[in-house]
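Supplied in structure tokens, the structure appears directly below.
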């Protein structure tokens, strides 16, 4: 079998495996990344990935910027993702000739280029510095939220952010909805109805997403573009509106996440057509809502 | 008649009506905006506009940034546009079924999309926050300028600015030339001849623009692109050069304005051709100038 | 009875009434401030206070800076204290001669000066701007905290902050410990043992402070200076260490607060001696702790 | 006669001569500075001054910061003081032995120290850089102000500022009130009644200060401390309130100035007593005001 | 012969002549620029260039930003390029009619436009300000580098930088490798093997580039795109690895330089094909390296 | 013997041992620090020090700020002190009763306080975070300097800096003059004559300081206050002025350093009198200089 490794000259990859383990070889060492963990492989790093079964997941690529922890402000030193829970590889190398050669594939300006070499590229004996790939187990996220009343913005679940140069505006945020206690009194607890100045791409690693329990499966995705209103489905709305509020566990066994960006996301032809995966009835989840909102031209038609 | 409302996912609108009143319905309430007033409707806000007669004006759209008051520095707390003169709507709503449905039109990435709903979108009973549309009467602008000698930069007339992240460089400035006293001694008082690191789009709401009295009518526009020199017409130059300087009223009954941008503005095919409005003799206003500047290839020819 | 009003040329007052109502007359109007509310009266504002019974409380004065809401970062727009819950006075004035004159007392560089005038100083008919006194009801504080595991820094309870020019370092923070749900699993829930780079002055408006239930009464105060370790008393430690963790209400009926400063606080002679209020046995609350920490020279002795 | 030169290790001097010329020798060359000019001699520069007649003026010393032009913002490139009007010395030196020696006096931490040397300290043959003394003729100040209505803050007259590290807060501003046109309609044109978050020390170089024509002479000074209200005298108020507003020249033949500081200024014993110059009746200028403001304890008495 | 002048509405030119002198006429005056000097002509400036022989060189154009000296930090006031070595023109003008007219060519949004005028555009009699073209002799660069051990980053040779708004990320840097002493002990002295987060375009003004002595001639260029590894050729590696380290002169008679950019550089069709200058064997310089790195598909093939 | 440990509530200590080893016990573990190493123990950390022989050195204390590496700018990632050469302790603890008790001494607001406890304070079993004491071997400093001509500012030798909030102004810099190559051509290589906007306290760890070879011994110190000129002694000047410039080793076997501060340093009575160490003839080192500079009143006399 052919030996291949890869590096990306364009940007950084945030990888969210949803099914199957990834054994990632990098110049810095090896990482085993499993569902409910994420990893980041930055621009310029050579890596290859072994898989052992059917594997799938989500990848977010950002350009010209690296992911970092959000500024915590009053949250203080112990909240959200803790630096010490980000694991980096231990140096590892192999010194071997590769029969047939190693194919090095480079993503450069959105295109792929290939070159060959005879030795393994994983020949870095030791390294120092802090520009390294890393992984993070989402179970380590220290969740904070309302403990009296009212509903916090989902930004409170931010794991990593790739900042633009405009303060408060992110190229991309990686946000999760982990298992936690819900205790807010006098409050509609599910995500509220809103429109967002950012694009929201949601994915589900496991379990059932609270705001759309039936129609959103692990491995699926939804995209709500900037400024178009959305919120929980009618069923969720009904239940949460009538719920008697007491402390309760939320999202046990579930891990949903969001790629949120101040930029607009284009959907590929593959996503819209080839994959045959588009949910044409998505909008119907809101139809039973009492607000009579009936967007009956579900296929956005160009106007005028 | 069909019911329509609109929202813009791309950016913010600065609307400068020049003729006819606008009755603007928004989710935040209603605003009546007349010539010599301006209004701003931001990204994501649903609105529709009623007009009562022939109506026209100017719109400036900015992306990824909102308009704000300029930093005043030594001008201090009382100069230029005052925050308290910006008026925002009072909450208003209607709770009604719309026979035939309400068509909601969305501008997204420069294209228009439509959806239908049965109830009025103007169903917001109350709101709080400061992300609201607003209007401003240009008569409230507190004008400052030279009161001894020399000529200030037109930035001194800035009403609103949409800042880029590079300090001192605006995505767009909205600048006006209001009625005022001219008292600068030993000074050529009209706009000086210059080239600009920004694009200048000028418009005229009413009256006569001082630097080009004959050839620039209310509702018209002129565009001087970055770094190409320009200035008053020959007639203005002659008069102002010989004028005996005493305190005099400038621009009474007139309101000219400028959309100024650090970016280059493209002119649509409609503007260049379809409208049949292009002034092919514009350059001739400078021909009588003593400087012998004779740009006789008025239609810019591609070179080389 | 004499008529007096007061203004402070040195700094801003944050007033925390603990017992009795304050009817505060200011140039901007009147405010009734009761225990569990706070108010801020800034530098230069003329005011006088009427009380109706025995009254006491706490005052924090800051120089060269004003209080503001903390930067919320990932907490988002709805967390902690909300701008709309800060109430400002409605304009009010009186136009009257004062027999015997009004005595205007000015605090200037830590000294008091007096002048007299014949008319009421509360003669401001109308005003505009945002430099106004304000009050805030602590019950409106939207409390967030851990909803899974681990213990957040008390900065998560920050109501107002007076920032120094060094990012992250406050001249003073005003922090409260309001009624809330405690749900953190696998966690020692009371304040942890720590040393702080800031000075902590704690006060109690009502109820029982969770980390020292017996020895800290409403109207009392404790001061832990920078970098000296401290934490819950032995009793609290014992109970919390053995508690079976389930959702529980914390601090119902209680409101403790903290004035926290990056500066060192000096205690007046009145506080140390005259008041006869010093708790000489304070250190004993830690003696039963298993850590054998026995600071037996409780009156700090100057060394060497 | 003894030869002396001086350098200041503590801060920068802003010198405002009010009477008599100053011939200033510096290591960088010579400057002749006359009334209506100012000069700045920075920390560490060796200089001596020759005078030719009775000489007096004002000096402002700032620590840890240098004077600079204010950020002009919308005022643009041509307003207020222009960089090219600040004149710096041409290199000049003398190579001579000094019989009896040159006494070099150093101001260090507020004390004076002396050392002797045999040669002239003005022995710098050439230099480069931009850390030089400079002078500025106040007649070159490009004055801007209201040209329609309303009253600008006096900061609009800022010549130089010594910034603190808190944006918008100056260690010291140097502000002038130069001859200019007054054209603001519907406006009380003299300085309005106000209290200030800064200390105001006013001086008069020549002419008559508009807000207190009789009682404030060239060479005099007034100090209004932070947050204590003040304004024009009763006579000025009466006249300006009734004046028919038309364009008029203001302050012709006059040059008043202000040293304004966010810090409090202490008055020396010399100023309060020894000089015998204190105006004990200063407060009476406001007594005739209709507002009945009667501060009859003019000598501030310590209260309580 | 036709008279032409040029101005660029898009950006600034950094011109690096490699062969032949340039006599540059600008509105600000004339500059003679020879190889080993560089000059910068900014956006909007009118200029024309006379040459006297075969002439060639390199041009770097940047948009929306100007070149400036790098922040020196601990390097202090005397290192790298000194402000006083940047020379600007003395005002010069001509007042003449041009038979046939002067053709003014404008580069605007990447296209060229032409207009005609009858008089010379070089008619500026005097000017002031600091927006001027300038030249710099590379011999004046004050070189710093390791004087004990280890190898500094080539950024230590930065002459000018055009900063992006992201701190530490340059739109473009202009870097030179001037004659200097090499004294680093225990160090591989030539450029180390590396991959770069920026694009590196190297050129050679004269002499022999140390890291590739045979294959890189004056007037040539090499481009190493972001994140693709590169370094000295095998010959250089061999020699430097075995060299006995003593103080030695490096690059005497040589001047190589680098245009470095955080953006990717596209190569024109002219560069890749028409010029017939592409070095198809470039990659072979690394083949003899012991690392067996053999990129044998030298023409990047699109992969997949 | 008594057991003591210490913590400083006021600031951070930078310790420069000059003679004798220090075995430092801290809550984070143990550090052995020897001459030519430095260590930093921050505010609030408990430590005690064992010595084995006669010991002496220098301590610099800074308030309200921590030491950090300087911003390297064009120097790049490999210059000056490298982060990886700063060593931190490995966790270590002891669990023992202390007969007679452990005396904990606290420095608070410049005074010392003591308390007793029965167990060892070094009872921290494990820790995480980055607020730790550290040590650094000065031999690891990667020295850069001029490798062509001219003389760099001594800031180029900065190891650590404690920044004020004013950019470019340090509370304190720690600067060293390590062994290195001197190769600058056409340059006076020793420190140049200068006056400084900072205070310079120099010390010598070992060897001979190049600018004052005879009169400055290991363990000694010199203080040059802000803005008073100074430089090499006459002997150094003579030699360096006539030296034939070739590559040469500088400071082999020597390590001088500087504590540099934007603040003024006061000398204690112990330093000026009690120690009997003041060099009353220090100024004479400059007397033979040809510049005839003769500061013959060596004991600064208060003037006037």
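Chains here go by letter, A, B, C, D, E and F, matching the order in which they are written, and residues are numbered from 1 within each.
By our rule, a contact is a pair of C-beta atoms (placed from the backbone, for glycine too) under 8 Å apart; a residue touches a chain by one contact, two chains touch by 3 or more.
For each chain, UniProt lists the protein as follows: A, B, C, D, E, F = Homogentisate 1,2-dioxygenase.
Because the structure is a prediction, the values reported are computed rather than measured.
**Q** Degrees of rotation, nearest 5, to put the Cα trace of chain D on chain E?
**A** 180
**Q** Half is the threshold here, strictly exceeded: which of E-F, B-E or A-C has more than half of its contact pairs identical to A-E by residue number?
**A** B-E
**Q** Same or different for chain B and chain E, where same means more than half of the interface numbers show up on both copies?
**A** different
**Q** Could you work out which chain's C-alpha centre is the most distant one from the centre of chain B?
**A** Relative to chain B, the chain whose C-alpha centre sits farthest away is F.
**Q** Roughly how far is chain A from chain B, centre to centre by C-alpha average, rounded to an integer in Å?
**A** 41
**Q** Using mean CA coordinates as chain centres, what's the gap between chain C and chain E in Å?
**A** 60
**Q** Pull out every residue in chain C that's touching 2 or more other chains.
**A** 165, in rising order.
**Q** Which part of chain C faces chain A closely enough to touch in the complex?
**A** 70-80, 141-158, 178-183, 247
**Q** In their shared complex, at which residues does chain C touch chain F?
**A** 165-166, 169, 195, 197, 225-228, 262, 264, 291-297, 300-304
**Q** Give the list of chain B residues in touch with chain A in this complex.
**A** Contacts found on chain B: 7-9, 43-44, 64-65, 97, 101, 104-106, 108-109, 111-119, 123, 165.
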